[in-house]
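Some structures are shown below for you to check.
Next come two complexes built around subunit A: one with subunit B, the other with subunit C.
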Partner chain A sequence: MPTTTPPPGKAALTGTPFADVTASATTLRRFLHGLPGVDTVGLEARAAALGTRSIKTTAKAYAIDLAISMIDLTTLEGADTAGKVRALGAKAVHPDPTDRTTPKTAAVCVYPDMVATAKEAVADSGVKVASVATAFPAGRAALAVKLADVRDAVAAGADEIDMVIDRGAFLAGDFMKVYEEIVAVKEASGQARLKVIFETGELSTYDNIRRASWIGMLAGADFIKTSTGKVGVNATPANTLLMLEAVRDFRAQTGVQVGVKPAGGIRTSKDALKFLVLVNETAGADWLDNHWFRFGASSLLNDLLMQRQKLATGRYSGPDYVTVD
Partner chain B sequence: MSKESLGGSAAGATRLSVLKTYKLYVGGKFPRSESGRVYEVTDSKGKWLANAPLSSRKDARDAVVAARKAFGGWSGATAYNRGQILYRVAEMLEGRREQFVREVADAEGLSKSKAAAVVDATVDRWVWYAGWTDKITQVVGGANPVAGPFFNLSTPEPTGVVTVIAPQESSFLGLVSVVAPVIAAGNTAVVIASEKAPLPALSLGEVLATSDVPGGVVNVLSGNTRELALPLAAHQDVNGIDLAGADADLAKDLEIAAADNLKRVLRPQAVDTDADFTTPPGTHRLTTFLETKTVWHPTGSLGASGGSY
Partner chain C sequence: MANPKSIFEYAPAPESRSVVDIAPSYGLFIDGEFTEAADGKVFKSVSPSTEEVLSEVAQAGEADVDRAVKAARKAFEKWSALPGAERGKYLFRIARIIQERSRELAVLETLDNGKPIKETRDADLPLVAAHFFYYAGWADKLDHAGYGANPRPLGVAGQVIPWNFPLLMLAWKIAPALATGNTVVLKPAETTPLSALFFADICRQAGLPKGVVNILPGYGDAGAALTAHPDVNKVAFTGSTAVGKQIARTVAGTDKKLTLELGGKGANIVFDDAPIDQAVEGIVTGIFFNQGQVCCAGSRLLVQESIQDELLDSLKRRLATLRLGDPLDKNTDIGAINSAEQLARITALAETGEAEGAERWSAPCELPTSGYWFAPTLFTNVTQAHTVARDEIFGPVLSVLSFRTPEEAVAKANNTQYGLSAGIWTEKGSRILAVANKLRAGVVWANTFNKFDPTSPFGGYKESGFGREGGRHGLEAYLDV
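This part shows the complex of A and B:
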């Protein structure tokens, strides 16, 4: 269930152990390097072990519906057309037109110039419109340009903003720059919820993913998100587990709850269910809601729908019975 | 250095037998059953031969996914290329002749010479179907005379993913007689091997894997025929089913299940039940899993003005 939290940001951290962490580049660096190192073997073994759970019958039906309701149905292609975005919006509202009991997806995720079209397509269905911004996916633009990108998307009606961090600055050790950029984007986003994409595939080490997670949370991210889906390595159970541990620890120490969004590479229902197990076993049941956990995916939805049809009818379904996106 | 230490067997010493683990053939790979189950396969006299995988419906589902994935490439290959590949299968079968003679003799209780005749007939059957790939279009397709300024052309196209329930008695000749026409026509197949004699079918998988047939074009499952056939008959992503190896009860249940998505069904033929695959097969099995596409192409003068392309 969504719990109400104080608005994140610097103010929220007053009185917590992290009030002074972001005072200067030095304190931030000291804090991030003081985070416990990640036990790579242990992390991967834990993620793999949690992936072996067998989820069947009613639990599976529940998990499939939950997973559908958590999807940020995404199209981020240069070839996106208004028509394609409208089709995506229609699919988000009625994922399976043959079965109206199918839950809606959480959001559609598009480029900023498609936000208005997407907004129109989902209308007042309750499906949110998320927009990538800040020179997605590379993030290689001046801060002013990135902020203009964000304001544009918000002005067009985006409910959520998916930003990318400056991986170059992060890898060069300029953590403060990364932090300040997130703070600035958070401010520019206004009421829109902010998802911060780390592009874990480019961060090289699990330690870096942990540090990036903490920078994001300290800067007031509403969600931390693994990847853009545009590089070779996207969401994996291990890097998502690591980020779930970070949001769990952050809430334990500050009372502020932050969401997690694995994105890219999750294509089958089986994978999605594994992620849900990770969420429940790591962060806890509070995160088992689309306000706090999302899947960034497109082809995943079709597989979930086919599994749902199989559970409903007892017959294996096929790609002929879902849309071609 | 003694001979034993080189891995040779000394005269008089009994050699440890190297038993073969028969596995499924799905998507070009040789997995065990997802369920981990096996069952005992015996020869015609009840003597144990090997353990074969007892596939589950999940294996069947995986096989359909593999077959669907392979369909685009296989149906899109030129008919001539398909023919070459199928001929290559026949070459590989010939090279494994001794093995198949032994397996067929064990499975069907035939003498060695009779089994050899069956294997020869099987290889010939395969070659025969290989030759048909680039000829069937001319036989069942063609240009149709129509009363209008159109070229009207009918061409046969493969149906899609086809489930083949292999004959129960004729474990090798029967098997090839039902599988070869399905893939020669450009379909991909999920084959349920004979329940009591699955070994030749599983070995055929090894032949297919080494003869340029893309993975997933033929997928071989062994196990309980009813357990595998029912979910496959109901499967919405299977386009056709050949009931050759189903008994009357099972065939009825499968036809009912298959009606749901209007699968093309080939009922057991008289020749299947007699287990007599030695007679010349004709093109019936080739054409069953072909769909005729007809196109109208405008030609000649258009309208009263007499304009033309």
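This part shows the complex of A and C:
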């Protein structure tokens, strides 16, 4: 627990209205409970309304390429092998072997022991390697174990770390523990960009998701991320909209921009386009870039590729015309 | 991406006009037939977004009103004698045809009215069908409506409706009238006659007996003749307070039953513990839905002073994302003002606001060169004394006032000649209940705004009118009880 040197999150907030928020468990708790509430019906209605935007022709072509470039192409299975990870890396670099104008994905996302293999597979293509860490997905391990997990991934060359928060501590009201863990992981991540996964499906209420977003941002997260993809409810338009509001408000008040990554459950191009509309009309154009917005997905890529081929040729090809990896 | 800051421009996504076939001319719909006006007069209906003439429509005069009322009277005998279940079948059939033809009707309504297709498709048409379904269900259950056994219909209903929700207002009027066994003569507004004439066609498609529904497009003189006609038993009017008062004078001293749904100056009250992001959405829905041409619009924003700056910043940021333009484009949020006349009225009231010292802010957006347009606008530094805080503007203009305590909020909200709608935004349930009880408004929404449902009664206090439409309460206006 850092007590002598200020954690990086705190340092970044010096001079902002939030410098003292994390001074103690009490101040943090008071701050989080003072955030404006979220009306469930209103939030979901707004997300649904934005889902009726009609994205056609040139806008669709732009959005499909943008979405491909924002994918963290993910494999997080017990059955992952070096072969599987290499195939994933190849796919990330050249998503559509028949069309070299197809953008690369943003990253491949793997378990820590696969980072070195993934790194080799993407080589100097510009595709990043992200690694889940901190006893993903449950996060039920001692802090020392979590930090070792992170350091291991970073040492193997991970460009990005996807950590999970301690949902148990959060639900028990121990916000400070959640905050300090993120701060510690951020420190252990070094130069790697840190994505903080809240597992929104377990936090359950929108008020909780807003509070978690602020804990993550205050602690120095580079990205806030909805889910692990391992529980029943993962990314939804509504929870992503709420997190986009949080990063928008955080930048307005601190000048610090934080990215957003919905993960899990986004499988179709139509869904992906709806999320991009949410970004465009909530956080704004500054987030329409894979440095600030990502999709944690695997099967989404092939659907985007099929839509891309359809736009180029006027015909639907079918699943045999995209690679299965 | 090569260009990370490139803008996500939505390409045009227009709904197809070809789904609706508008005839070059339309007659009056009397006794199941389309006919010319007795004096042969016609008028043109234009599309407010382009000023294109959509069709030429027969203009009803006094003689036509008389003919239509006679037809309705003749039809009343058999129609009112039908078992409720039989009348219900016709209404269910009409509701289903409306659903089947909803895309066509949505495009038509957007062309004739100027409102975005997003609204006609997602709000107007679903509500129209729902209203007919709802009252279809009542037709054979009137014994259980709370008015004793076998409540009787009144006779011929003369109904005059406005241009802001042409087909929905028609549904609000015709569905309960038919369910209770009355027959109808309805006059749509002169700027939006087309969807009512398409409805006439739907009545024929549904096999509705002749004369049960008569549609008389025309101007105020036809409306006046209809409400004054001695053989009309029930007058229902939705529109301006000025015309409503005139109708009340006309009807005074007769045994006609009268309901009026008139203007409003709804207060949308935002407390400091409100869910801010959703409140901003509610304010936008409250005043910019249908370009603010809504009688129950939340045209006065009452915001607690402690959060005023923060809320206004959020609101302005949100207004900058509104998309104004071609109403047929599926991505359009703000369509055209319904007529040149209405645009002139909104413009004049906004100028009065500026002249009286209120601060004007308009969302940055380019207005099309043809058609009638007004950018979403808000006024700050407004007090209760300003014209823009008192008069109904009936356009996309929001007046922002502040308050310090709940008592002050209630006092200011009620300090108006109107009393149609109000909104309360707070996360505190007890405050919602306490404030709602003190507001003199027919509809009070909590943490939402402009939500409609056929099961819910709607109507006003004070100069916003009397009588209720919708729900079980809506039956009373058409029953001899």
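Note that the second predicted complex is superposed on the first by the 317 of 325 C-alpha atoms of A that agree within 3 Å, B and C clash if a C-alpha of one lies under 4 Å from a C-alpha of the other, contacts with A are read in each partner's own complex, and residues count from 1 in each chain.
Basically, contacts are C-beta pairs under 8 Å (C-beta built on N, C-alpha and C of every residue); 3 or more make two chains touch, one makes a residue touch a chain.
Remember, predicted model here, so these are calculated numbers, not experimental data.
For the composite obtained by overlaying on subunit A, subunit B and subunit C can both be accommodated side by side without a clash. In the superposition on chain A, contact is made by A:Gly314 with subunit B only, not with subunit C.
Using the contact criterion defined above for the overlaid structures, shared-chain residue A:Ala123 touches neither subunit B nor subunit C, since it reaches no partner.
In the superposed model, A:Ala172 lies in contact with neither subunit B nor subunit C. Contacts of A:Lys60 after superposition on the shared chain: subunit C is touched, whereas subunit B is not. Of all C-alpha pairs linking subunit B and subunit C after the chain A fit, the shortest spans 5 Å. Only residues 61, 64, 68, 231, 234-238, 260 of subunit B touch subunit A when the two sit together in their complex.
Every residue of subunit A that touches subunit C in the complex is listed here, in rising order: 36-39, 41-43, 45-46, 52-60, 62-63, 65-66, 69, 103, 245, 276-277, 280-281, 285-286, 288-291. Listed in rising order, the residues of subunit A touching subunit B in the complex are 309, 314-321. Note for the complex: subunit C touches subunit A at residues 1, 4-13, 118, 122, 273-278, 281-282, 321, 330-331, 427, 447-448.
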